[in-house]
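Chain lettering (A, B and C) follows the sequence in which the chains are written, and residue indices restart at 1 in each chain.
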Amino acid sequence: MFDLTIRKRQESLGWTAVLIYSGAVAMALLFSAGLLFFQGNSPIEGLSLLLEGAFGSSYAIEDCLIKAIPIYLCALGVAIAFKLQIWNIGAEGQFALGAIGATWVAITFPGHSSWVMIPSMMAAAFLCGGLWGVIPAVLKLKANANEIIVTLMLNYIAILILDYLVYGPWKSPDSFGFPMTQEFSSGAIIGKIGETNLNWGLLICLISGLVIYIFFKFTVMGFELKASGENVRAARYARFPYGRLVIISMLLSGAFAGWAGFVEASATLNRLQPTIMVGYGYTAIVVAWLARLNPFYIGISSFLLAGLRVGVENLQLELQVPAAFGEIMEGLILLTILAGTFFINYRFVRRPRP
Amino acid sequence: MKQPADIVIALEGISKSFGKVHANKDICLTIRKGTVKALLGENGAGKSTLMSILAGRLQPDSGSITVDGTPTHFSSAKEAIDVGIGMVYQHFKLVESMTVAENVFLGQEGGRMLKPRAMETRVRELANAYNLDIDPAATVADLSMGEKQRVEILKLLLRKSRILIFDEPTAVLTPQEGDELFKALSFMADQGKSIVFISHKLGEVMRVADEVAILRKGEIIEEKSISEVTSKDDLARMMVGKETFLSVVKNKVEGGELVLDVKGLDGNGLKGISLNLRRGEILGIVGVAGNGQKPLVETICGLQAPEKGEITILGKSWKSFFSRRKNQDTLSYIPEDRIGLATCPSMNLSDNFLLTTRKGFKRGPWLRRKRVESESQNVVDRFSVLPGHISAQARHLSGGNLQKLVLGREFFRNPGLIVAEQPTQGLDIATAKAIWDHLVTARESAGILLVTGDLNEAFSLSDRVAVMFEGEIVDLFEVTDMEKRGRIGLMMAGAA
Amino acid sequence: MTPDILIPLLAATVQSGTPILFATLGAIFCEKSGVLNLGVEGIMAVGALAGFAVSYYTGSVWFGFLAGGLAGMLMGGVHGVVCLGFLGNQVVSGLALTILGVGLANYLGTPLIGLSASGFVPVDLPLLARIPFLGPIFFQQDPLVYVSYGVPVGMWYFFKYTRAGLRLRAAGENPDAALAAGIHSVNYRWLGVLCGGFFMGLGGAYLSLAYTHMWANHLTSGRGWIAVALVIFAFWNPLRAVAGAYLFGGVMAFQFRLQASGTHIPSSFLLMLPYVLTLSVLVFSSWKGGSSATPQALGVNIEPAD
């Protein structure tokens, strides 16, 4: 007879890991297919419509890329905080504040050229988003308040601040009563790349990703951040300034989410309105975790999850599947991958029973 | 002297290894009714492994356990508990937020519903029966260490355990609490319980034990009745091992300026410590673990502030030395905990190299990666750290290679003061020899404080040796003083 | 304030506090066993939908209420599979559960939007309802509110006076100590996750069955997260949770009244009140050292022994 016991794996897995993750995603797809079936749709048709809608045409792929931009920026921010084991769930609120900051610049100083507008909007978004991220960091350090709940509450508060502004002081006189600001002047709008629908926000993503990669690999602070996240005791032994690292990582984290808000307001909507909040900040958490916090993989996974959103829109159109189907799939994928990680970290050992 | 009583438990030929390390080799041990048996050995000698096997938490690779004459096999802690073996661990297994009574009854509640009053009464009765002073309604978190230990004992008594194993029970107690514990142990033995007492402190073993077994490097070296022990010194020597003759070539280094000056350091478990160290010198701090070495090292290395007394490091006061990051390049601390404290297990070797060393690798906010990589590769080569490439993760390194990496990293900065804590513990002879050579070489430009429990190491490397006992330096002498070397066992036992 | 304003306000306080109370108690039960469940928001959403749907299809509100609890238990089970079975990160699993739960509720609930099902209506308790002042506040409520009076006391009793309660607490405080006493903490963590999920589901069901009497997307609107914060405010004590839940109920009822009275304060600011309050309460209780009451093994998975 044998007892089956579980042991921690010492070696790292190569391709087996890919296999395990693929299996996990397959499980998630299976569950989702079941839900489609439950709703009276053919699962095969549904999933193929999803894929086709997401990646089936150049227009669809463009759409995925456009949606991937804010997701990528938010996820990059989330990853910086997660690296230090700070659970920043507040990308959604930091995104809102970034959009608010950029909009303030855009509607307060209209008419300037984009060489003036875009950088100052970026600076405003960086500051607003960043400071919104610093609040939970300070509360964590000073009052030992749980950052998960603080960031979440700040999300709700930020969205309500945004609502207040677009329903109140910032409401455009010619919006026929709809809650929205006036359209940004052309200088405040991020242009499109050539003949495509893609905007230059894509460039911000590329540069940000590169900057973060360089930050973690080639700067002292990036290194200290990474090392403190790995082993807090070692950080103490090596005398890293932990408090300062927490503040900086949350500042950056919020700032990137803020930029995402700026890109959405400027390039996609050309104004601020409540529909800007579509949950990119929450998707970003899924993206960052799936990508194991690596800026390059975040690129891939934000593209894939943007694809999920676009695909679900197609499903909505063709089969009247509710939009929430996308959230369900996001949740399922995250859960199955989490469970699958077990097989990466542990192995089963057969132990002879005497 | 009591008559030899019935044998309750007999261990025969017990062996257990973890990977390549033989924690226990062919161990035979008998435990008698109504007897206090001391298991004496240094840290890492295999005492805890042996007791975990007896308590059913670990399964031996080979060998047999006989209880009351019947061969038995424990596949879980529960089975050992059921035959009456109970253990008081060094780190108490108590739920801090619960009351004493709740802790005592946890796992043996005797029914679906709890009756707090009745539980408290039962605990009080039990405590009175064994002269253990405790308030059953108190919350464990509010108790002193001695009281917590009594809760652990009560847990075993409620279970009617016949064999009570104590793992280093006095490590966390004040001397008075220790005295009370010894009284309780004797009392329980008189009631017919068998006590196993794991310790590395000679004095208390002599006081409380009826029999003693000495464990070294996983083997029982000696097992005898306490009345047959003629001198503590013998026990000490048996425990730490004979001096093996691994010669270290030490060329003479001219004594330089003072790198460390400690005056009247008090508090945190230290009592009036004064010592100094010059460049070019190795000062060995020996003593049985837990006699104040840890707080001394942590204070000197800036991990805790001195309560009373003065410390001067490389000419600066403690406070001004640790207020500037740059100063810290001149101090190297090689901690005992290589994997949890000195390194980040899942980072690669060059990142781990960078952990404490910034000298020349920083330009403004930038890291000079190329330089880090080439220098860390250099260190890896020079200290022959295997596997020889810097992309390996620290957690994949063996203890010896990890230690060489830490040593290489800490010496790279050319520090003026090096604090090395148990630098060769758990390492094989060849690696230990290599590390000794490195330490001796580093001495040429630094003063080294070597904290060790290994007398052989202390004598081979040090220029002077300080003996610590209960937070004090009992004696400090030149390593050439053979008369004092002869008495070191007694000093370590606090008997000189 | 005159009694004829104050009494309805306080009665509304009890009513809006009740769903939060159920959810907070569920979270306390779960966290006491050492499992951090951040999926409360999602579990409540699923519970709310299940409650409404079952009530709609069977016509029985009590079946609906029970279904809400069972759906919550099922969601808790998912958390258990991931965290207790596969040793997944509890924080991430909880977040995933929220995303999944809110999504599921919105997805499956789409056909039910705008429909009405039978819900709970206030029932006066004999004698008690006639106590001046207190009667109209506490004893002229719907039956679920009366249920909610019993649960905190029952839970307090369970923790203090039952074997399972003692062992569950041990699993949350120190699984290693529990193991040394021969207790397998994982079993008690399962108990915590499942029963905790049950109560969270009840909280959701209360929303759709007694509070709104209808189904709408995003019905929970952050109440689950407030419950997570309230656990800290309550120092993990079921009895203190009552005070916390009613504090929030009060703020919600107050801002609702204020809004209805046509004040000049923008509604966004009024809606913000509960969240700002949550923040302040959390910061205050953390700063006061509330975290010392945290179950010591909260969020830490039980690793297999070597």
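Of note:
The criterion applied here is as follows: a residue touches a chain if its C-beta (ideal position, glycine included) is under 8 Å from a C-beta of that chain, and two chains touch if they have at least 3 such contacts.
Because the structure is a prediction, the values reported are computed rather than measured.
Viewed as a network of touching protein chains, the structure reduces to a complete graph with every chain in contact with every other.
Taking the mean of C-alpha positions as each chain's centre, the chain lying farthest from the centre of chain A is B. Averaged C-alpha coordinates put the centre of chain A at 47 Å from the centre of chain B. Distance from the chain A centre to the chain C centre is 28 Å, each centre being the mean of its Cα atoms. Contact residues of chain C toward chain A in the complex are 38, 42, 78, 81-82, 85-89, 91-93, 95-107, 110, 217, 222, 225, 228-229, 232, 266, 268-269, 271-272, 275-276, 278-279, 282-284, 286-287, 291, 303-304, 306. Looking at the complex, you find that chain C touches chain B at residues 160-167, 169-170, 173-174, 176-183, 293, 295-296, 305. In the complex of the two chains, the chain A residues touching chain B come out as 10, 217-221, 223, 226-227, 230-231, 233-234, 236-239, 353-354. Residues 73, 75, 302-303, 325, 328, 333, 335, 340-347, 351, 354-356, 358, 362, 365-367, 369, 395-396 of chain B touch chain A in their complex.
Against chain C, the residues of chain A that register as touching in their complex are 5-8, 35, 39, 87, 89, 139, 142-146, 148-150, 152-154, 156-157, 160-161, 163-164, 167-168, 282, 285-286, 289, 321-332, 334-335, 338-342, 345-346.
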